[in-house]
Structure formats: C-alpha cells, structure tokens
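Shared between the two complexes below is chain A, which has chain B as its partner in the first and chain C in the second.
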Partner chain A sequence: MKRIFTLIALSILVGGSSARAQESAASAALLRKVDSLVAFMDTDVSAEYRIEKRDPGGSTSITVAAMFRRDRTNQFLILILEPVSDKGKGYLKEGDNLWLYDPVGKSFTFTSAKERFQNSSFRNSDFNRFNFSGDYRAVANSREQLGKFSCTVLNLEARNDRVSFPKVKLWISDDGLVRKMEDYSLSGQLMRTTAIPSYQKVGSRWLPLSMVIVDHLKFRSIGGKMEYERTTVTISNPSLNKLPDSTYTKEYLEKVSR
Partner chain B sequence: MTFFLAFRNLLLQRKRYSVIAAAIVVGFALITVISGVTDGALTTVKAKAARYFAGHISVTGYSPDKPQGISDPDLLVALLRGDVQEVRTVSKRTVYYRQDASLFFGGESVRQRRLVGIDFDGEAEELRGMKFGSGGIDAMLGDAGRNGILISSTAAGLLQARVGDDVQLFLTTDSGQYNTATLVVKGVFEETSLFGFVAYLRNADLNPLLGRDETAATDIAVYAKNGASLDRLGLDVRDALAASVAVMPVLASKEDRRDALAGGLDGETLAVMTLNAHLAQITDILDAFSLVSYFVLVVFVIIVMVGILNTYRVLVYERTKEIGTMRALGMSRASVVGLFVIEAALLAGTASLAGLAFGTIALRLIGLIDFSVIAAAGMFTEGGRLGYYLGSRSTIVNLAAMVAAVMIAAFGPARGAGRIRPVDAMRSNG
Partner chain C sequence: MSKSRYAAALAAITFSAAIGAFGQEEAAQGVLDELFDQPVSDTVVSDTGIDHTDIYGPDERLVFGGYFRALGGAIAGYRDWPSLDDLSDNFDLGAGVVAETVVSIDARPSSIASIHGSFGTKFDPASEFNWGKFNILELYGDYILADAMFFRVGQFESVWGQGRIFNPGNLMDDSDDSFTIRAAFPAFLKGVTTYAFGSGDVQSTEDLSYAAKMDLLVLDTYLSGGLLYRYADGYAGLWSIKKVILGADLFSDVVVRYSAADELSCEGIAGFFKEWDRLRLYGEYYVAATESGLSDQKLGLALGVKDIFKTKIDFAMKWEQSLDDGSGIWIGGITWSPLKYITANIGLPVVYGDVGTYYVDTGYVDTEDEDLEVGLDGYRVGLIVTLLMKISF
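The block that comes next holds the complex of A and B.
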C-alpha cells in the first residue's frame, strides 16, 4: 500500500515538473516569436517617431525624431527634428555604447540607454528591438482577454542584470504581438505601463503604429482623480531601404545635424 | 611715568585725536566683520561638507570595474577607533554616487546629487548641527528611522512634500537595474546650496536597494576632535589603515584622486581624503575673497598711517614748548619718543577695541538678516543666516597689527620730537 502511494506521489511530481517544463518551453518559444516578429535582421529600418508627453494636469511637449536602425549589428541613430530648440541633437548607438550629440557645443557625450528620452517616459533603450527571449525568462503564464485581444500573459524575470527592468509582465495576442507591457522595479513596484494597440506591417515584420506609456512614478491627484504622466508615441513613414554603413557614424550625425 | 603722561596727554588732546580715532574704529570694525564673516563662512561650509562628504576625513573603497565599496568596513572602523588619536567619531556610510537618484511625490520629481546612507545611532551627535525646518535627526534613530528619509528644504519645496508624506525613491542597483522604495519623510533640513541636493537615509535601508548586504559600506566617516589638524589626522588615518589594507598615496585634492584612479588599481584600494582636499576649490574661493578683503584693508591701514603721521607732525609742532619744558626738566630723548609712541599705541588700542565692539555688533546684526533669497549664499549660510566666527588668535593678530601700524606711523614724528633741544623749543612760537 505504501509503495502504491509512493508511486502515485512520484508520478504526480514527475508529471507536474514535466508539465512545468512544457509550459516553460512554450513560453520561451512564444518569446522567441515575439522577438522575431519585430526584429529586422536582414535590412535597415527607418521611421519617424512623434513623442507627445503630457504632464499630469499640466503641459504637453512634443518631440519628433528620425530613427535609423540596424538590428543585425545592434546599431541605431536618432536625430531630433522638433522642437526647434533641440533640432540637430542626436543619439548614436554602437553595440553597448550610446552617444549623445549636442550640435551647439559640437560635442559627443556618453549617455545611458536607460535614460529618459527628452525627459519623457520613453527611454533611449525603447528605440531598440525587443529581445525578451534573450534577456528574460517566463516564471508564470496565464490567459486573459484584453479588449478585443485574447492574450497570453507572461510574467518575466530578468536573466541578466543588463536590462533596466528586473521584472516585466507581457500581454501577447495570439498573433504573437505584444499588446500591453508592465515594467516593474526590483522591489516589485509598477513603474510603467505601455499599451501598443496597433501595429503596422513593414515588409514581413511589424512595427508599432502607436504606443501609450503611462509613468506610474509621475502622478498627481487632480479633482480627486489620479492622473499619470502619459507619453504617446506615433511611428510613421516606415522604410526598409538599405542605408550605407556611414549612417551609423559620428561623422554622419555631425553632418546631418548642421 | 611716561605711560601716565601719555595717557593724560591722550585725554587732554582727545578732540584732536577724535578724527583719527574714528578712522581706526571704522577700520578695525571692518577688519572684524570681514574676518568674522570669512571665518564663519568657512566654518559653515566645513560643517556642511563634513555631513555631505563623509566626516572630516573620508575613507572610500575603490576596486577595478566595481562600484565604490569596502569589503570589510568593520575592520577599518576597529582599526581607526583603536589606533588613531584625535578621533571623535568613526562611522560606516553608504554613499550612492550615481547621480540618477530621484524623489517623486505628487506628480513632481527632483534629482538628488547623492544619497547618503548613515548609521544614525553612531553618527547622530555629529549631525546635530543640521538646521531642520520640521522633523529632525531623532526621528531617524533606532527602529523609528526604518524606511525614513531626511530631505532638504530645496527638495521639499520642489516636491511640495512635508514631514509624514510618503515619497518614492528611484535609483539603480549596483548592476544597473531600476529599483524603487516608498520612504516616509522624517525631516526637512534647511539647505538651498548644492549640499541641498542630497537626501539622508539609514544605510541599512539604502544597502538592500542597491543589491548590497545591509551592513555594507562605501565610506568610513571620521570626525576629528575640536582643534585637531585635519592634515595631520589624514596622515594618521592613512598610516593606521596602510598597515592592513592597500591605500592610495596622500591625496591633496579630487584631481589627485582622479589621477590615482586613472593609473589603474590592482585590487581594492582605499582613498583617504581630508575635508580640505574635498573643499580645495571652495577654500580657494574663500582664500581669494580674504586676500582681496585684506588688500583693501591694507590700503585702508596705510591711509590711517598717513593720517597718523600728519596728525603727529602737527602735534609735535604744536607741542614744541611742552616738549622743551619736559626736556628741560630732565626727560631723556628716548622718553619723549616713548611718550608719543605710547600715546599712539593707547589711541590705536582703545580705538581698535571700540572697533572690535562695533564689528561684533555689526556681525550680530548681519546674523539676523535672512539671506535665503540669494541662492548663491546658500553654501555659506545655515538656515539662511550668515554665521560668524571670531577666533581669539586672529583677533589678537588683527589687534596687534593695527596697533603696530599706528605705532610705526607715529614713530617718525616722535623721533623728531625727541631731537628737539630745550633751548630751541623755548625760542619757538609753537
């Protein structure tokens, strides 16, 4: 009798861990799919980003920037077009290095991908493609309806300490696109919620059409209602035209900033 | 006898001396105010800097490719408490040196130049000098201080936060990941200068937020006993540590430390810096201010000396008969010279003491003025008020210099008076 109980317990254990392993493998596969759908590994991608930041109960500021990206070599170049006061300012990413170019002082300074872009909730690193499968592992998953999208919800934990957010929660629709993302600090506090309601197809890949980012650290109670800083990112004029290697150089950034 | 005569003459001639006495009074009052304010400003800056940096002598641990940190801070504390004289307090600190820490409250945010994690129970007495608008150090002691934070009036003003409010602290861990904590404001200290962009919390709270052990430390704060030479103490601290751990050579400034770090480190190495080294640039500014002030005062003293010279020439001329009578009665030439020089010294001494009194009153009045509206003054004021410091040594030196200057000016005419022959004096019309 004792042996029978032991066998039952063992089979439950083995079965449970096997189910967890399958679940984990499925989650990892889903993350790889998410990454592959938005990665342009065989060509360059360029687009215009319009970033509108609205302070809680306050003013609105708009930044327009041209983005040139080469995922294959982990490079991008961002050139600010508006506002006029920041026109010509640019960011150049080469591998792990990110440079900020100031056209007034004609100087490059080293900056961090983790910095806020133009003091908005959009971070410099958000110009990068997703790399969830490399940087995170799923620790839990579930199903949830998000508006019209039926989604798999993945709770992710960072595999390495290079990423800014140690914990992330993703809502992935059945077509493999991220529809909502919550970023958490190490202590587990929700810092940022990003909604990506729509995508645009560029070649065989996808690029968000618009994103809404809510900053949970910047909020104010207005008329008894909590208002958060909200940043809306609209991406337009996407192109897959191949760009010369010289695009991702300091010299090019200096030239186009004039 | 000569002294008595000099004193009597001074009283009899007081109307004649009044203008020159007034000049000495004003001059010495100015000297008192300028040296009192300069020394007071330096004392205030040093007190603030001791809290901002880590004590009068800071010991910081550096390792190749790692954030600042000391692997065995308790060993260093034990070494310094046991081996070094002239030490008042030794305490562990964790300083967040990356400048990306921010406080959030009510939709507003403010960046902090640094966060300082303190063992409040060990260092509280050294922090008593902080001026608090509300709350205070006591609220950070013991378990009551858990998850508490002290913020400056600058930060509180920008955030519209008060004591008791929950603020969000944002920072990055040692490995660069975002981290946050909800902390309760336990005190708002009055500070508007660059020392105001700092927040103080328990090191036991800060360390875990950085991904470190609760007992970790980046710095050891060493506070000197009153009157101790910081440069001497810096050397003693370095020597005490060098016997057990690797320590950088003597560092006279931040540039020295930068150069030492640029040279590369083999392993964990400690940097010992005195407050004077941390404040090299600020003390240079104050020294330059003192130099310009003293140049102006030297010019002023020269004008007073010329005034004394002319006044005494007239005096000697007018008192020729008196001098002749004294010489005829047997007073020696040296005594006549002494008489006039002592007269000048008494005049300078009395007027300088009056100037000291007026200067002190002026300093007290200046101390009542609230300079907090002038942002640049924040560095040198405590709670918006300009402190002053009148050291006995500098006051005595100033007094001696003023008296000596007046005596030198009076010596020429006095020597002329000594040369007058009684017979010539009796013939003169003076």
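The block that comes next holds the complex of A and C.
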C-alpha cells in the first residue's frame, strides 16, 4: 500500500513539474515570437517619433525626433528635430551605453541607456527593439481579456541588471504583439504602465503606431483625483532605407548637431 | 505613553501606510485599459523610403542666424572683510554694460559636406564707444570621405576631459584660437581621432600641436587615452575612466606632462555627477604633483535646482576649497527669466582665506561677468546683479 502511495505521489510530482516545464517552454517560445515580430534584423529602420509629455495638472511639452535603428548590431541614433532650441542634439547608442552630444559644450557625455528621454516617461532604452526572451524569464502566466484583445499575461523577472526594470508584466495578444506592459521595481512597486493599442506593419515587421506611458512615480492629487505624468508617443513615416555605417558614429552625430 | 500604546500607535501607522500604498497601487492597476476598448486597428503601411538623415529641409541648405546680447550688471561688496567700526571701509561699488552681436552661417550643400561660421563684434562703452571689428569665433568645414573618413578643417573648439569644476584634462583648451585639422576613421579605427592645430603665431611645423585620442567602451565602462605633443612644450598624456553606477557618473582623469626640459608633472581629478529631474549635484577632487611631491589639492561641490518651490527661479550653489592653503570660495545664486529674452541673475560670493592664498588671489571669475569688467574678481564678499537680454535671429 505504501508503495502505491509513493508511486502516486511521485507521478503527481513528475507530472506537475513536467507541466510547469511545458508551460515555461511555451512562455519562452511566446517571448521569442514577441521579439522576432518587432526586430528588423535584415535592414535599418528609421522613423519620426513625436513625444508629448503632459505633467500632472497641465503643462505639456512636445519633442519630435528622428530615430535610426540597426537591430543586428544593437545600435541606434536619435536626432532631435523639435523644439527648435534642441534641434540637432543627439544620442548614439552602442550596446548598453549611450553617448549624448552637447553642441554647446562641444563634448560627448557617456551615460546609461536606462535614463529618461528628454525628461519624459519614455526612456532611452525604449527606442530599442524588444529583447524580452534574452533579458527576462517568465515566472507565471495566465489568460486575460484586455478590451477587445484576448491576451496571454506573462509575469517576467530579469535575467540581468542591464534592464531598466527588474520585473515586468506583459499582456500579449494572440497575434504575438505586446499590448500592455507594467514595469515594477524589485520590491514589486508599480513604476510605469505602457499601452500599445495599435501597431503598423512595415515590410514584414511591426512598429508601434502609438504608445501611451503613465509614470506612477510622478503624480499629483488634483481635485481629489490622482493624476499621473502621461507621455504619448506617436511613430510615423517609417522607412527601411539602408543607412551608411557612418550614421552610427559619434563623428556623424557631431556633424549634424549644431 | 505605555508600551502597549506605543505598539498600538505603531500598528495604526503601519496599517494606514499599508492601506495608503495599497490604495495607490490599486488605483494604478488597470490604468490605460480604456485605450483597448476601441483601439485604432493595426495597419499595414508602405515603406515611405524617407531619408530621415536629411533633417535639414531644402530651405535650410543655407541658413543665416545669430543673436544680439546685451548684458548689464552692478556689484556691491567688500574687497576685504568689513569692519564693524567702519562699514564703509573696503566697500566698493561697480557697474558695467556690454553688448555683443554674433552672426552665423550654415551651408549644407550635401549630406557629406557642410560649412559653419560664426562671427562676433562687441560694444563695450568702458573701453571704446563704438562697435569693434567682427572677429571669427568659429569657421570650419566638415567632409565625409567614402563614408569612412570624417574631416573637420578650420577654426573650432575641441574639448577633452570630464571635469565640470576643474578640468585639467582639457589639453585642447588653446585649440580654438587658430586653425585645426581633425580626422576620424570610424570604419577602421573606431574611436580614434587625430588632430593637428596651431595656436598663436604659427611660423613652421614646430609651432603646431599634434594630438590623438582614443575612446573605448569596455564592460560598460568608458576608457579614453589621449596624447598631445608640441615641440616647445613636450608631451602631455590624458587617461580617463568613467562608470555609471546607480545612475551616477563616477569618473577620473589623469594628466601626465613630460616637458621639453625633461620635467615630469601630473594632475588629475576624481568626481561624480548625478542628475535628477530638477536637481543636479556634482563634486570633484583635484590633485597636482611634481617630481618633488604634491603641489596642489582642491575640492569642489556644486548643486543646481531648477524651478525652486515650483517657481520659475533656478538656484545654484558652488563651493571650492583649497586643501593646501585653506582658502576657498562659496557662491550661491539664482536665475530668473521674468520675460521672454530677459534673464536676471543674482549672485552672492564669499571668498575666505589669508591674503596670498589661492582663492583670495584668484577670486571668482565668471565668463559672462568677465565681459562686464565688473566681475567679482578681487571681492571678499559681494552681491552681483546682472540683467541679460538675448535675442536670437
């Protein structure tokens, strides 16, 4: 009798861990699909980004930038087009590092790619393609309806400390596109929510059409209601033109930044 | 209060804090979900083929611009510590005004070639009651050869070193008053830039300076090495390192000079820089040494706060201290732009130390106030008020 109980217990354990392994493999496969849908590995991609930041309580600032991305070498270059006072200011990313060129001081500053872009909730790292399968592992999954989208919800934990947020929760629609992200601190505090309701397909890959980001660390109570800093990013005029290698260099950035 | 009351109060505070945090977190959950009820459908768009590198439109191929700047200021202060017996003793007043016009031209005939020039003239009633001649501030051309070689030729400024308070690493600080040829080859010598420049009266190649600098990123750490040679001065080498840790820049520059007279000296800085949304904080330690030992040590700390108390006033404070002779300087100031084109500054410097010490001798020199010729140089304690009008065209 004892043996029978032991066998039953063992098979439940084995069965359970096998189910978890399958679940984990399915989540990993889904993350790879998510990444591949938005990665332009065979060409450069460039587009115009309009970033509108609204502070809690009112004031709005708008930045327009040209973005150039080469996913296969993990590089991007950002050139500010508006406001006019910042026109030509630029950012160059190489790996996890970012060079900022200050045309006034005629100098480059090396900094972390995790920082905020033009003091908005949009981060420099948000110009990157997604790399969830490389940077995170799924620790839980479930199904949830998000408006008109049926989504798989994945709770992710970072595999490395290069990422901006150690924990992320993703809502992935059945077509493999990330529709919503919640970014958390290590202690589990919600830091930022990003919604990507619509995408645009360019060639065989996808770019967000618009994104809305809410920063949960920047809020004010206005009329008894909590208002958060809200950043709306609109991406337009995508181009798959191949760009010269020299585009992703400090020298090029300096040349155009004045 | 009894132990049990303490415990009850603590529990209440903890509970209410937890409820507050939970409430805020709860309110944050589900935020933006309304955007998914009727979103714009995903679309397939055609590749626009737009050349986004062409950030300057056809009407910006040849652009003239510039600015007019008028600066007025007044200072009141003591050239030595005030005495309670006679408050007028060592008291001094000054005022000045200066105007400047800078005209610039940008010609961008193609994506591989461009020319930039800026020319300035000053009106300083203290020295001469008319506008001076236009001087070349910058004039240079950029050219990209075969998508692999970048050249910049002309008169322009190059900056080395990382210091914001002390910058011994800027070995190129006299490169902007004459011509420079700069070449970079990112395609096959990534991170290497070479320079040849003249400074002052250049009669032969021996009067030229030759320099090269290499920048590297290794394990998320910035490393840089530079070498400068001038026949009359000998060699100067710069080694830099920088690492971003917890959002703060930690950096160091070391400069070693080997003069034409076979003398060895070195100086360096170690510092940090951290920036928040409205706050900047940075500090540096400077040290210099010769073959006979340490020759100088200084500390510097600066703080800048934007929009203090949610006003449009910015506050800044800087403190520098000589560890060798005990002298130092503290300056606090505010900046306010009440109207478009108009900026008001108020500064309050205090210089301490014995007569003959570094900061008492050097005083405080600000580049903008320097133009006024009523700067804070020579004051122990003072108040300077400046009004700047700057109109770009």
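Everything below uses one rule, namely that the second predicted complex is superposed on the first by the 257 of 258 C-alpha atoms of A that agree within 3 Å, B and C clash if a C-alpha of one lies under 4 Å from a C-alpha of the other, contacts with A are read in each partner's own complex, and residues count from 1 in each chain.
Just so we're on the same page, a contact is a pair of C-beta atoms (placed from the backbone, for glycine too) under 8 Å apart; a residue touches a chain by one contact, two chains touch by 3 or more.
Here the structure is a predicted model, which is why all the values come from computation and not from measurement.
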item	value
Fit or clash between chain C and chain B when superposed on chain A	clash
Residues of chain A touched, compared between chain B and chain C (which is higher)	C
First (chain B), second (chain C), both or neither touched by A:Glu52	neither
Touching partner for A:Val163 - first (chain B), second (chain C), both, neither	first
Touching partner for A:Asp86 - first (chain B), second (chain C), both, neither	neither
Stretch in clash, chain C with chain B, out of 9-17, 45-53 or 351-359	351-359
Chain B and chain C contact sites that coincide on chain A, given as residue numbers	114-115, 162, 189
Complex interface listing, chain A residues touching chain B	55-58, 114-115, 158, 161-166, 183, 185-187, 189, 191, 217-221, 227, 229
Contacting residues of chain C [partner chain A, same complex]	24-25, 27-29, 31-53, 55, 106, 114, 116, 142, 144, 147-148, 150, 156-159, 184, 186-187, 190, 193, 215, 217, 220, 222, 242, 244, 247, 249, 277
Touching residues on chain A, where the partner in the complex is chain C	46-48, 66-68, 79, 81, 87-88, 94-97, 105-107, 110-112, 114-115, 119, 146-149, 162, 175, 177, 179-180, 189-190, 193-195, 197-203, 206, 209-210, 212, 214, 216, 226, 228, 237-241, 243-247, 249-252, 255-256, 258
Contact set on chain B toward chain A in their complex	100, 104, 106-109, 168, 170, 172-173, 175-182, 209, 211
